[in-house]
Structures are given as structure tokens and as C-alpha cells.
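The following pair of complexes shares a single chain, chain A, combined with chain B in the former and chain C in the latter.
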Partner chain A sequence: MRRFKFKRETLLAYSFLSPVLLFYLIFLMIPVVFSVLISFTDWGGFDFASMKWVGLKNYRTIFSSQSSFLNPIMTNTFVFAFGGVAISFIAALIISYLISRMRYEGLWRTLFFMPAVTTVVAIGNVWYYMYNPTNGLINGIITSLGFRSINFLDDPNHALLSITAVSGWMGIGSAVLLLSAGLKGIPNDYYEAAELEGAGHLRQYTKITFPLLKPTILFVLITSFIGGLQSFTLTMVMAKSGGPGNSTNVGALEMYNQAFSFGNWGVASAMAIILFFVIFIITMAQLLIFRKGGVESY
Partner chain B sequence: MKMWKRVLSGSLIVALALTTAACSGSKDAGGSSESGKKVTLTLLSHYNGSNEAALKPYIDKWNQENPNIQVKMTPVDFGELLKTIMTKQSAGQVADIMHVYTLWGGQLAKNNVLAEAPQSVADDVTQNYPEAAVKGASLNGKVFGYPTEVEAYGLFYNKKLLKEAGYDEPPKTWDELLEMSRKIEKKDANGKVLVQGFGFQRGYAGLVVQPFMAMMASAGSGLLSDDLAKSNLDSDAGRKTMEFYSKVYGKNGITDIAFNTTKGFGAGQVGMTIGAGWWDGSLKTLMKDAYTDVGEAPMPTPDGGAGGTLAYTWAYGVNSKSKHQEEAWKFLQWMNAQADDSGMTPEGQFLLDAFNVISSRKTDLSSAKVQEKLQSSPSAKLFSDALNNALDEQSPAAGTEAQDILYKQIESMWTDQIQMDAALNNAHTQINTKLGEK
Partner chain C sequence: MKSNRAPWYFYVIIIIGSVMMVFPFLDMIFSSFKSASEYALLKYRLLPEHFIFSNYRMAIEELQLLLLFKNSLIRSVSITLVVLITSSLAGYVLAKLRFPGKQVIFSFILSTMMFPAFLFFIPNYFITVHFPLVGGNDILGQGGEGGLAASMLGLIVPFSVSGFGIFLMRQFMISIEDAYLEAARIDGAKELRIFAQIVVPMTAPALATLAIFEFINSWNEFIWALLMNSVNSNLATLPVGIQMLKSAIDPTLTQPLVMAGLVIATIPILLLFIFLQKYYVRGMMNTGLK
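And then the complex of A and B:
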């Protein structure tokens, strides 16, 4: 009798879960499995009859000496993701702390969040024109101060950093929102007690704010970093195919071009699988580092 | 383990079944293809904005005269057209008629995207178009559609800027071109380019690589061998062209890569550049009165002798997965082969009105309107004549990829990431590898 009851409850639970599970199966599991399968084939993306099993050939192509996927493309991807996260995270950490102590906190939060609700294409285009070496706003200021203009997007020494800076700027808003929420969760009593004990602002920040904000920081870092590794729209808008040469090309943009421009769906899928493992390893490493630092909630 | 295998194979079967189902049928927007019933054909092309507006009256005319076969245009930006074709095809939302850039031909053929043309269309194309156009509209020797824009490359120059620098005629050799450019170029105290002597247009692979191929053709060689099996970059023509390219931008270049040549030419700030014939129509609209300063000339050659150029082709084809192929061919025959009272086809009139481009179809060429245009417009005559000694743009299955490889090597050389020799060798080796793979 008891067993029957358990089965009925289980069935009921699964029936409630079934829409979500079905959604998960159709829109996540099937594409993932399909991608793995395609990565071992030569396929142009149109006709299943033309799909040809090639074993590990696509992976060998990616790791061959002629391939630019590992260097410079994956190197660029890391610089872009690390750089973007570093800019947005450090800025957001400072901004969220400051605005939590200012009047009109909501207004400031809204202002900083605005880039996050604007389309990447619009942001990319605005910055593209601001970076313009002949009539862009930034170079206008630089030349008016008597310096030579900078080829932000045409000089391979500056191009990737210029796009990374925009990515970092774009990410500030979301990070501020999350960190502000984290700051709100810290009881004020701790600060009052610390103040009574004579702790200054810096000591309060390092001994109370930062340790209690660690779970939020971990979430912000992991999600931003994954987003950075998968990002390609901004690069596509500002540097078209990742140029000059491959100096701004990133993993996701290369995959997109391999699949949709060149019809190399097998190579593109193999790149996606490699990127998946890279993201997985880095995320695990981040979790491990934070666990050692005392964050157990993830 | 067995359970896992079962789950995996089950997932694969479901995935394949779902995707096959999605890809199996075209979007039947307007009804069945049975005779007498209304059919709506979708037409995917890169004609958007003002070009779409120029094409629309002809589509509207067809739709009025043929209530049972309606044509609906879907304009897509050139840069996104191949990607759109591929994503739509993968998603089962196939367009019945596609206007394709023939560089993509090999890739589309490999994936069986385009249907073979009926015999009547194939005969019409082979009899009424020049060889470069027929080759452009053929895959593996079989005609797949109607050639439309067949465009040759030439030198565009600004008469006023050349005159100010003391020149009455455009350059005939590559050395003359470089020498004249240095004299025309003007910079301010900070090194900012005010007037560019000569510059290549930049932005995407085709914009950089097609002029490269045109220059290589003017030096006597195509980018690839005739059998499309290997790169000709290691030839004398290939080396000379890359050498010329290395002298334009970069540390030892004659001008600054950051200067926008395309916009600059329209603003009267560029002395010379390389462009395709269609650009003349755009410049006319953009420059208004200043258009009188624009001159066009055949491609300069390394030694000043008679040289070739590159011709690329666009063509209308029918989707192999379309359920309305018969109706689609009917429309294309009307659009491309049926002359009106003036002796011109709708496509011929559209090309002339929208781009100041002469149709390569023989019946259009012999019409009074085209003959009058050839007399009155030196530009139209120049680019029309250029087709006679133009090499067609080769389209192997790895054509887009080969151009991308060359583009990235040229850009790397222009931005001093690599030297000229490395750019040439890398491009040659990598293109050969890609051609070998496909």
C-alpha cells in the first residue's frame, strides 16, 4: 500500500515536471548530442544525405599547426573574457559599494544598468564611431590635446583591448545589480558593531563586506566569465570577421563563420565541444578556489 | 552502460527525426502548386533599400499579370545573405528563388541547394550570354540559373584631385599608380590623412580580395588553377600583386589604413581606388554634382600592356527543395528572357536603372536603350567592354574560405603583423590545404 502511494506520488511529480523535462530534452539535450555527433562528420548544414563520417579529422584540423583556433583565436577569447570580467567586476565592486551609501540609490543603479538593456549591436556601433580615427569622439579629444590619433580598431596592438574595454563597460550594470543585492543582504548590525569597536571603512570592507559578499562575487564571476567566453556579437559588430587578420577573432565568432559562412558544420561543432570543455574546467577551477576560501553554497 | 547506450541512441534518433522533419518541406506560404491554384513564391535577394525599391515595380507587374503565381521578395543585406540561405535551408524555410553570388556556387552545389535548370533555360543562357556569365551561372558544367549582374573591376579616380597634382590621365602601370598616389596624398601636421592618393576599400573579404584578383588577372593569372585544385599565388602574377598590396598600407605603405577609402572617395577625398562597375551608379546618387569629377579606367597592369580584370556574377537560381519549381522557372524566364516593346528584359531594365550597369544578355545589348546608353555613358561602355577580357571569379566548394584566408593574410600584412613573404606563403599553403580537403 505504501509502495503504491510512493509510485503515485513519483508519477505525479514527474508529470508536473514533464513539460520542463521535455523542454530540456528538446532544446538542450538533443542539440548537445547532435552537436557531438556532427563534430565527427563532414557536413555542409543542408542535406543529411551529404553527411559523411570523418572520425577525429575535425579535431585534428583544429589542433594542426596551420589552424589559428588555439592561437590566436582561443588566446584572444581568454584575453577578451578575462579582461571584460576584470573591468566590469572591479568597477562594479567599487560602484555598488559607493552607491549603496548614496542618496537616490535606485536612480544610480538604473543609470549603470542601462547599457545592459541596450542591444549589443547598438552599443557596438556607437563605440565603433567613437573609436573612429578620423572623426571619432575619443580621437577628437586625443588630437585636441596635441597627441596623434590612435587606430583603436585597425591596429592589432589596440584592437582586442579596445573591444574588451567596451565589453567590460557593458557588463558593469548587471554586476552592479547583483552585487548591490548582495550588499543589501549584509545586516547593518555588523557594521554598527565594527564601528563601535573602532574599525574604519577599509577594515569594515575587508573584514565584513568582502567575506559576506563572496557567494555573490562567485556567481558574478562565473556567469560573466562564461558569457565572455561565449560572446561574439560585439566583436562581429566592431571588427566584422575578427580583424585585422585574426587579431580580434574569438572562439564563438570563428564557430559561427565556420558553420554559416564556410559550411563547415563539423569543424564548428568540434570547436564548440572544445570550448565547452574549456569553460567547464575553468568553472570548476573557480568553484574550487572559492570553496577553499570558504564559500560552500555552490 | 546498456541503459546509457539506449538513451544516447534514442536521443540521436529523436534528434535526427525532428531535424529531418524540419528540413523536409519548404514553407508553403501561398497554397499548392497544382495548376489553377494560387502559389506564392519567395524570392531571397541582397537587393534591399533603394535597390529593392527599384526592383519592386517589376515584381508588382508580374504579380498583377499572374494572379496565380505571386512573388514575394525577402531582401537581405549582402553580408548576411549566404548565412540566411544556410540557416533558412537548415530550418526547412527554403526560399523558392534565390539570387546567389556565384562564388558560393561550389558550396551550394556540394549541399544540393540549387536545382538544375530546365533544358529550355539552359539553352537560352548558353546562347544569349557571354562565356564568363555562362560559367558563373553553371555548376559542374550544368547551368543552374540566369546570370544577372556580371560585373568587371576597374580603376576609379577623381579627375579634380589628379589635375591638382598635375595629371591629366589616369595611370596605366602599377608603378605610375604608386607614384601619382604619393603626389596626391595630403596629411596634416599630426599625420592625419586629408586626401588619400590611392587606397583599397576594406570591411569584408570580398571588398579586399576581389580587387586583388582583378589585379592578379591584370598581371595575367587567376587566383586558382583552372581545375580549381591549387592556388596560383606562388606565380609571378601572385607575387607581384602581393608586393603591390604591401606598398599601399602598413609601415612602408603610401597611406594610412585607418582612412576610410569608400567614404572618402564619395566625399572627393580619394584620388584613386579599385571598384566594380555597379559602384558608379551609387557614386552618382551619393556625389550629386561632384560626380562629374569621377572618372573610370581599365585596370592598370604591371607593365602598361593590355591586361585582364575580374568579373563576378550573380545569378537567379531555384531551390532544389522548392515545391514550386515549375512556377519559379516561369517567373525567372519572364524576368530574364522576355523582352518588352523597348526590346529589353525586366532584369536588363532594372540593372540599368538601379546601377547604371549594362545587362550581359545579347538581346538587351542590342536594344536601342542600351545602345544609346553605351554611346552616352563612358562608364557603362568601359565596364561592359571589360567583360570581353575578364576572368570569371572561380567558385570551388572552398571558395568563400579561400577568400577569407587571403583576406586575413593581407590584413595581417597591412597591419604589420607579418611580412609580405609570410603573407603570400601562408595564404598559398592554407588555400591549397582547403582546396585539397574539399
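And then the complex of A and C:
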């Protein structure tokens, strides 16, 4: 009787799970194996007969000294990820604290969050036009202050930072949201006591807010850095294939173009796997730092 | 009580910051009403001289905006519905049933969230296009007109399960008292009925969160839709159609149309977010990332 019921429950569980398990088999497990396999071949993605096993050749090409993958592309990737996180995190740290002390907190949070629910195609294009050297908003401000207009996206010296700035701008809202949640967990009594003692805002922040917010801060930093390392839609919308030259090209975009513009599926898959390991190692390193810093919950 | 604490300069900083957030959206909206001659000006102006609506009319014709809108809508609604079903089924099983392999499957689903999307573009593109027995493909996935990508399925099926969705539903369902389920079982109710009539109604708030989260994300998704569009140009969604137009012709001519298209693509979703943000924000808090 008991045994029968147990079996029935197992059968039920697996029949409810079957669509999910089938999905993961087809769109996750087979693809991972397939990717690794493709990365050892020379293949344009047509039929399997044209697939040629080349061993480690694709990896050697990527790491060879003529390859642009490590420099400038991976360097750009880190600049883009790090710069974007720095902008959005510092802004969000200030904003979340200020609005937590203000009226209409929800309204402010919504305004900062708007880019996060907007398609990157819209954000990239609107900023593309705002960066326009002749009639864009930003150069309008710069020239009205008496400076010379800047060729933000066509000058290889400025293009990467210009796109990184937009990525930072986009990311503020999500970071504010998470930090706000962290701030809500800090009891108000602490601030009241500090105020009675005569501590100013800056002192309250460094002595109460920052230490208690540390777990949230680390979480925001990790997740947005990982997000930045894999992101390439904004670059694609604003700079097509990462131009001028390779000055704005990032790892995932190069992978995409190798596969779908040039038909080098082997090289592209090898790039995807390298990038995956880079991200994996960074995630593990950050998790380790978490633990060392006494944050167990993530 | 809260307001006493904030000195005036807090408001100054936040208002300046808010203007910087909102301004690109205002610029987009106002630009969509400008005439072509205003785009040719050598100086920046926020407001159009006269508000004209012809950009919208042209965008609807040239961009096939209505088709793009329809594709985006069908895609987002379908993904949302399918994800709600797969997530609540799997979430229920992982929260409330006992069976061998449960821990392994749960850990596996959690780990799927660690895989970055770019890893899957290449293999999943191949699998989608060569999916057996759909879109005219034979059992080996050959010979057809694009497999899943021959129809809207190509935009929907690869998004039909969400690790985050399963996790969210499981966390919510764990808090449902077993007593309710036991009582129904004693009354002789079938498991599927218990699931549909007791469990699902009790998880309405979590379902709302997941629905709005999935809807907005699939509405905005760009890269996969772009790939599917390269196989079958009938599948263009709003972001894809607008981006294709932008790269196709002379940028000074297309800018007014792009702006009008972007307004149509973004403003409804922004309003949806503003009205339902309580649910969306809950989804954000649960993943910690988008």
C-alpha cells in the first residue's frame, strides 16, 4: 500500500516535470556538449558533412599573437564591464541613501528604474542621436558652454567610454532597487541614536549604513559585473560590429559576429567557451571573497 | 517623520539625477513629432517647432509597425503563458512532492541560471532551425524552411522554461500548508485537480510577479529575435524591425521613423511597468538581477 503510493507520487512528479526536463535536455544540455564539440572543428553551420575536426587550432588562433581577441577585445570587455559597474554602483549608492530619507521614495525609484524596462534598441538609438556631433543634445550643451564639440562615437579614443557611460546609466535603476531593499533592513533606531549623539549624515553613512549594507553591496557588484562581461546588445546597437576599428568590440559581440557575420562557428564557439570560463572563474573568486568577508547568504 | 530628515540639497541632487534619467525619454518622444527639416538643423532643440504626426503614419507603413507590434505581442503573451505553466508545474513538484532525484533536479535547475545566454546562441540556432518534424523538416531535421523558425515557434519555444520562474514558484509554494492538500486528497481529489483548483489560486501573487517579469523581458529581448529574423523575416519583433530600418537606409532620413517606432515600442511597456511595478519589483528582488 505504502510502496504503491510512493511509486504513484514519483510517477506524478516526473510527469509534471517532463516538459521542463525535456526542454533542458534539448536547449541546454545538448547545446553545451554541442558547443564544446564545435569549438574543435572548422564549420560554417551548414551540414555535418562539411564539419572538419581541427583539434585545438581554434583555441591556438584565438590566443595567437596576431589575434585581436585578447587585445583589444577582452581588454575592452573588462573596461566596459568595470566602467559600467563603477558608474551605476557609485550613483546608486548615493541615490538609494538619499531617497531612503526623502518623501516619495517610490516615485524616485521608478524614475531611475525606467531604463531597466526599456529595450536596449531604444536606449542605444536615443543615446546614439544624443551623442551626435552636430545636433545632438550633449554636444549642444558642450558647445553652448564654449567648448569644442566631441565626436563621441566616431573617435576611437572616446567611443568605448561613451558606450560604457550609457551602460552605467542603464544599470543605475537595478542597483538602486537592490540597495534600497538592503537599506530597509537597517533599523531606524540606529540613525535616531546617532542623531542624538550629534553625528552628521556622512558619519552616519560610514559608521552605520555602509557596514550594514555590505552583503547587498557585494551582491550588486558581483551580479552587475558578471552582467557587464556578457553584455553586447548595447554595443551592437550603438557601434554595429564594435567599431571604429575594434575600439568598442567586446568578447560576446566578437563571438556573435564570428558566428553569424563570418560563418566561423568553430572559432566563435571556442570564444564562447573561453568567455564562459573567464566569467566562471571571476564568479568563483568573488564568491570566495564573499565568504571571507563573512557573507554566507549568497 | 521621514521628510524631516532630508535636507534641501538631497532634493536638489535627486531632481538633477531624475532629469538625467527622464531626459532621453523626453527627447525620444519630442523627436518623434519633429519634421524632417528640423532633423537637418545644425543645432540641438528639445521641442519640435510644430507637432506633426506624419512620422507615425509613415512608420506604420514603411516599418510595418503593426506587424511588428503583433509579432511582439504574440511572442510575449505566449512566452508568459507557457512559462507560467511550466514554472508552476515544476515548482509544485519541487515544493510539495517527495520522490527520488528531487534534490539533484532542484540543484540542476538552480545551476541553469548560472549559464550565460551567449553560450547558447550558436548551438540553439542550429537546433531551432534543424528541429525535426517542424517547418517541413524531416526526422533528421533536414530539408525544411527553417524548422521552428518557419513559424512563431522559433521565437517562443527556446524561452518556454525559466529557471528563475521555477525557483520563484517553488519558494512560494513551500509556504502553502500541507493540510490543505491532505484534506483535498482525503476527499478523493485527483492530483491535477488539487494543483489546478487549490495550489494555483493560492499562488496568484507569485504568478503575477512572474507574468509581468516575463512579459517585459520577452518584449524587450533583441538578439535571439534578430537571429530568427535572419532565417524568416516574417518574425521581426519591434526592436528587430526598428534596428533593421536604422541600419538599412540613410540615417538622417530614417531617424524620425526610428523615433516614432521606438515610442510605440517603449511607452506601452513603460506604462505597464508603472502600473504593475509592485509585482515587477518583487521579481527583481528575487533574482537580484535581470
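Keep this in mind: the second predicted complex is superposed on the first by the 263 of 298 C-alpha atoms of A that agree within 3 Å, B and C clash if a C-alpha of one lies under 4 Å from a C-alpha of the other, contacts with A are read in each partner's own complex, and residues count from 1 in each chain.
Note that contacts are C-beta pairs under 8 Å (C-beta built on N, C-alpha and C of every residue); 3 or more make two chains touch, one makes a residue touch a chain.
Please read these numbers as outputs of a predicted model, since none were measured by experiment.
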*Return fit or clash for chain B versus chain C, each positioned on chain A through the superposition.*
clash
*Which touches a greater number of chain A residues, chain B or chain C?*
C
*Quick one: classify A:98 as touching chain B (first), chain C (second), both or neither.*
second
*Which partner does A:134 reach: the first (chain B), the second (chain C), both, or neither?*
both
*Touched partner set for A:16, first chain B, second chain C, both or neither*: second
*Can A:126 be said to touch chain B (first), chain C (second), both, or neither?*
second
*asked:* Applying the document's definition of touch, where does A:243 land relative to chain B and chain C: first, second, both, or neither?
replied: first
*Check the residue A:174 against both partner chains and state whether it touches chain B (first), chain C (second), both, or neither.*
second
*Go through the superposed model and pick first if A:26 touches only chain B, second if only chain C, both, or neither.*
both
_Going by the contact rule set out at the top, does A:151 touch chain B (first), chain C (second), both, or neither?_
first
*Touched partner set for A:263, first chain B, second chain C, both or neither*: first
*Report, in rising order, the residues of chain A that make contact with chain B in one complex and with chain C in the other.*
26, 30-31, 34, 45, 47, 134, 240, 259-260
_Interfacial residue positions of chain C with respect to chain A in the complex_ = 2-3, 5-7, 10-11, 13-14, 17-18, 20-25, 27-28, 31, 39, 41-46, 86, 89-90, 92-93, 97-100, 102, 105, 108-109, 112, 114-127, 142, 158, 160-161, 166, 191, 195, 216, 219-220, 222-223, 227, 230, 238-240, 242-243, 246-247, 255, 258-259, 262, 265-266, 269-270, 273-274, 277, 280-281, 284-285, 288-290
*What does chain B use to touch chain A in their complex?*
8, 11-12, 14-16, 18-20, 23, 82-83, 86-87, 89-90, 107, 110-113, 190-193, 203-205, 256-260, 397-398, 400-401, 404, 407-409, 411-412, 414-418, 429-430, 433, 437
*Given the complex with chain C, which residues does chain A contribute to the contact?*
6, 9-10, 12-14, 16-17, 19-21, 23-24, 26-28, 30-32, 34-35, 38, 45, 47, 91, 94-95, 98-99, 101-103, 105, 108, 110-123, 125-127, 129-130, 134-137, 139-140, 169, 172-174, 177-178, 181, 191, 201, 219-220, 223-224, 226-227, 230, 232-233, 236-237, 240, 252, 255-256, 259-260, 265, 268-269, 272-273, 275-276, 279-280, 283
*Parts of chain A lying in touch with chain B, wherever the complex brings them together*: 25-26, 29-31, 33-34, 37, 44-50, 61, 66, 133-134, 143, 148-149, 151, 154-156, 240-241, 243-247, 257, 259-264
